Amino acid sequence: MALLYAKTHEWYDKASGKIGISEYAANALVDIVFVDLPEVGTMLAAGDSFATLESVKAVSDIYSPVSGEIVEVNEALRDAPELINEDPEQTWFVAIKAETEATGLMDKAAYEAYCASNPEA
Amino acid sequence: MKTLFDISKAGAKALFIDSSILSATSYRLDPKLLRSQPARLPQVAENELARHYTALSKRAFGVDDGFYPLGSCTMKYNPKVSEKIASLEGFAGIHPAQSESDTQGILQIMYQLQDMLSALCGMDKFTLMPSAGAHGEYTSLQMIRAYHLERGDTKRAKIIVPDSAHGTNPASTAMAGFTAVNIPSKDGMVDLQALQQVVGEDTAGLMLTNPNTLGLFEKDILQISSIVHGAGGLLYYDGANLNAIVGNIRPGDMGFDIVHLNLHKTFSTPHGGGGPGSGPVGCKQLLAPYLPVSNVACKDGQYYFADPEKSIGRVKMYYGNIGVCLKAWAYIAMLGTEGLKDASLMAVLNANYMLAKLKDKFKVVSDKCMHEFVLSLQELKEKTGVSALDFAKAMIDEGMHPPTMYFPQIVKEALMIEPTETESKETLDKAIASILKLYEQAFAQPESMHLAPRTTPIGRPDEVLAARNPILAYEFDSPLEGQ
Amino acid sequence: MVKFTPHLPQDIAQMLQAIGIEKLTDLYDGLEQFLNRSNITIAGKSMQTVEQEARNASLANKVYPSIFRGAGSYNHYIPPLVDNLSARSEFLTAYTPYQAEMSQGILQAIFEYQTMITELCGMQVANASHYDGAAAFAEALLALRKRGKDKILLSSALHPMAAKVIETYLNPLNVKVEYIDCSNGKTDIEDLAAKLEGASAVGIAQPNYFGCIEDADSIGKLLAEKGVGYVMSIYPISASLLKTPYECNAQIAVGEGQPLGIPMSFGGPYLGFMATTKQNVRLLPGRIVGKTKDNKGQDAYVLTMQAREQHIRREKASSSICSNQAHCALRAAIYMATAGKQGIQEVAKVCYAGAHFLADKICKIPTFQLKYNTEFFNEFVITSSIDTKKIEKALAEKGILSGLPLNSQDMLYCVTEQNSAKQIQELIAYLKEVAK
């Protein structure tokens, strides 16, 4: 998969429509204890938050890079949110049927450079 | 330590009531209405219960055990006379639906407390209904909403909340049907420019605590008031930090239209392990018609309940956390204005004394404060790896309760210290010495602090496991029948 | 004037020097424009005087030795263990147990409380308390809101104050309340079925305000079929005998915990309890204690799932609740542990028997009759042609707090284990006199 990354630390695979979070983000969140997933069929606009991740002491929103309909949800995350920490780049949250093109995304190298120069983000 | 369910023995009995009616009559519920299996409450004899709870109490730590410098919580001493008063039969033993003529004594105290709080806050009317600070916030926000709607001003959908605010502020905002708009702080204070840009026709109000959650007095409060009122909004006072100024400065003189108080903070009622508190709401005349039902009024020396004409409705069954209100009444009656002035002044003195002794070692927001101050351990963490959490846990081993950790969110590795006025110089000196010792220890033996606390019944709990795999009730051998 | 500040002049002098200021008022430097603007003085009195004044005020309240009134606040026997153990200062003067290592006692007590509440409700998880039964009821109904279904149905047999609280909570969120009719003192299931369209959830009280036992399980079956949420508000004493909310298919069980060892205290502080299934745990607001292990493998208790709460979720939290009714929950836990599995059932049976005995006897007095021909638990409505205020006054003169006048004809009576045979006999005798 050639993943593209958003400034908000999600990765997006255009071919499958799958969205997850980067290793950088997963490490920052430390242990994820709960994922609040949306329902299949939910319509999203680019930039909408569609899920929240909970660690023991914090909550993070996950944003969609594209507009479209959620066609699949990774049910395994309901009982095993730790999968995200174990292998973030392989663990997807939802698959979206995109109606728009993703804009503002970076390839891996550009994303890593972005993270290095913006540690607060 | 064993739980009640572990020590439970079938047949053990501790409650002895007169149940002769059961043998004298045959009134019984139809079996079709009954649950299939009784509730598995434990069966424990009285002496075993006494030992169980006594043992539990020895694994707890109250203000009566030691120094409790929790920022924003005002853990001051809880006078025992207040406990005695609240448990008098003539208060504890009265039913809330007794007639007004039956309950003039308690109504008089409630009326007096309403008046006392109005006087102390510079407000016109008070309600004792809300059960806690957050409940008071929620009640106030409903009143603000009603006020604007009644004037036909339907666009005011936003409440401005500083990013340093306590989480209950934005949460109450959402519950009251508003959208919370965060404004960033500038050097820990409200950024007047940011505020000016954010206010408008859609501003219902601004929620503020003063001094703020960094322990700093918002000196521009009159300008803040002017900006908000100028845009047509109202100014709300979160009374969590009133202990810095009570008796000396009134929120009403700072431009606030409506306030909530925390009787379990400023007015010395005990925290009880998390509650009950009481969150009375006071307001200026313009908001008084919207107060929740019911209020205590007085006419010709007779006390009675009166409902405000345009009340937002009812936020609680009956009249409020009366047992808690009684304790606050007693506290104010004993201290009076002079005693409260002294209390808040000593609270500010104690905080500044500790700050003066600690500011050279830790990063601080300002070298003077009000009743509390925030230390940042970010630098210490970078140099030694010891975080605010580690430091706080090590303070437990020094015999005190740690300060508030990681709040406000705008300071990294924050420890918020509020000594309160009831601590002596000796206690403060001892605490200061411990903290300075721990500071040195962070450099010399950082590992030891990662392992703290070591003098407590348990070490650090696995909170990740607790959240991922919640066990929220005793695990009996089998589930209740039907499950 | 009483002072709890221990500072002596020499302490203050040393502290001022350390701070680098000259006098105490320098602490409020720059705030002169706000200082001392009030011209109202509250006199500070001695501790002794305040105690006396309080005592006098307490004596100006009438304490009835014989109480036959319920309506949301109940005169149950509070075993002395409750006052004694809960008064320990380690429990009373402690903060919320966020520092788990030094608060295991309080956390374990709450864990035990949660367990006992789940058992009473027939559920699997419970929170650590809410403000009171009415607030718990309101927040439970809000938690079951569904998108596009902005209506909540409430039985019209709820405590009027509880119904008003729910209305107040729903109002700013544009959720409508619609009331279900009652027939013969019970919620009318047919009317409920007719009003289900567009409703997210339904709120029923068991027993209801009139003391009547609802067909809570039939209601539950209907709601489960129609996919509408169900909140059951229960009386914790009768809960030890009656079909549980779980057995009635309720999603969330709530209730007022005051009957569990908390004094009537003119209405507060009381105790809202909330319980649900493991699957629905995230619907519960407020603090929850969980069990885990510490870094040495020992059992440990901790406040868990905090990321649901306001201090983390902020405006995305479902509830702003922070301080709860922890100490009242402790009292309730000690009560439930003292009563135990058998004791609480015994209390319930005595309440039931006493109420039915009294109702039968009252109905034998001319003009008095049961208003509803429906099974009840320990409260019931008597209707008669005699003005209820007249009855109330006559009984008050004999030291009896009568049933609650609902209107000029109807009176809501309550019997608990505190009403001795003698008290019941006296009540009957005086009612007979009033009826003449």
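Just so it is clear, A, B and C label the chains in written order, and each chain counts residues from 1 on its own.
The criterion applied here is as follows: contacts are C-beta pairs under 8 Å (C-beta built on N, C-alpha and C of every residue); 3 or more make two chains touch, one makes a residue touch a chain.
Predicted model, so just to flag it, every value in this text is computed and none were measured.
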Determine which of the two chain pairs, A-B or A-C, is joined by the larger number of C-beta pairs in contact.
-> A-C
Please indicate the chain closest to the centre of the assembly, with centres calculated from CA atoms only.
-> B
Chain-centre distance (mean CA atoms) for chain B and chain C, in whole Å, is 19
Whole-Å distance, chain A centre to chain B centre, using C-alpha means?
-> 37
For chain A paired with chain C, centre-to-centre distance based on mean C-alpha positions, whole Å | 43
Where chain A touches two or more other chains simultaneously, the residues are 33-34, 54, 56-57
Per-residue overlap in chain C, given as positions that touch at least 2 other chains | 305-307, 312-313, 316
Would you please write down the residue numbers of chain B that are in contact with two or more other chains?
-> 463, 467
Report the residues of chain C in contact with chain A in the complex, numbered from low to high.
-> 305-308, 312-313, 316
Which chain B residues qualify as touching chain A in the complex?
-> 406, 463-464, 467-468
Over in the complex, which chain A residues touch chain C? Could you list them?
-> 33-34, 52, 54-59
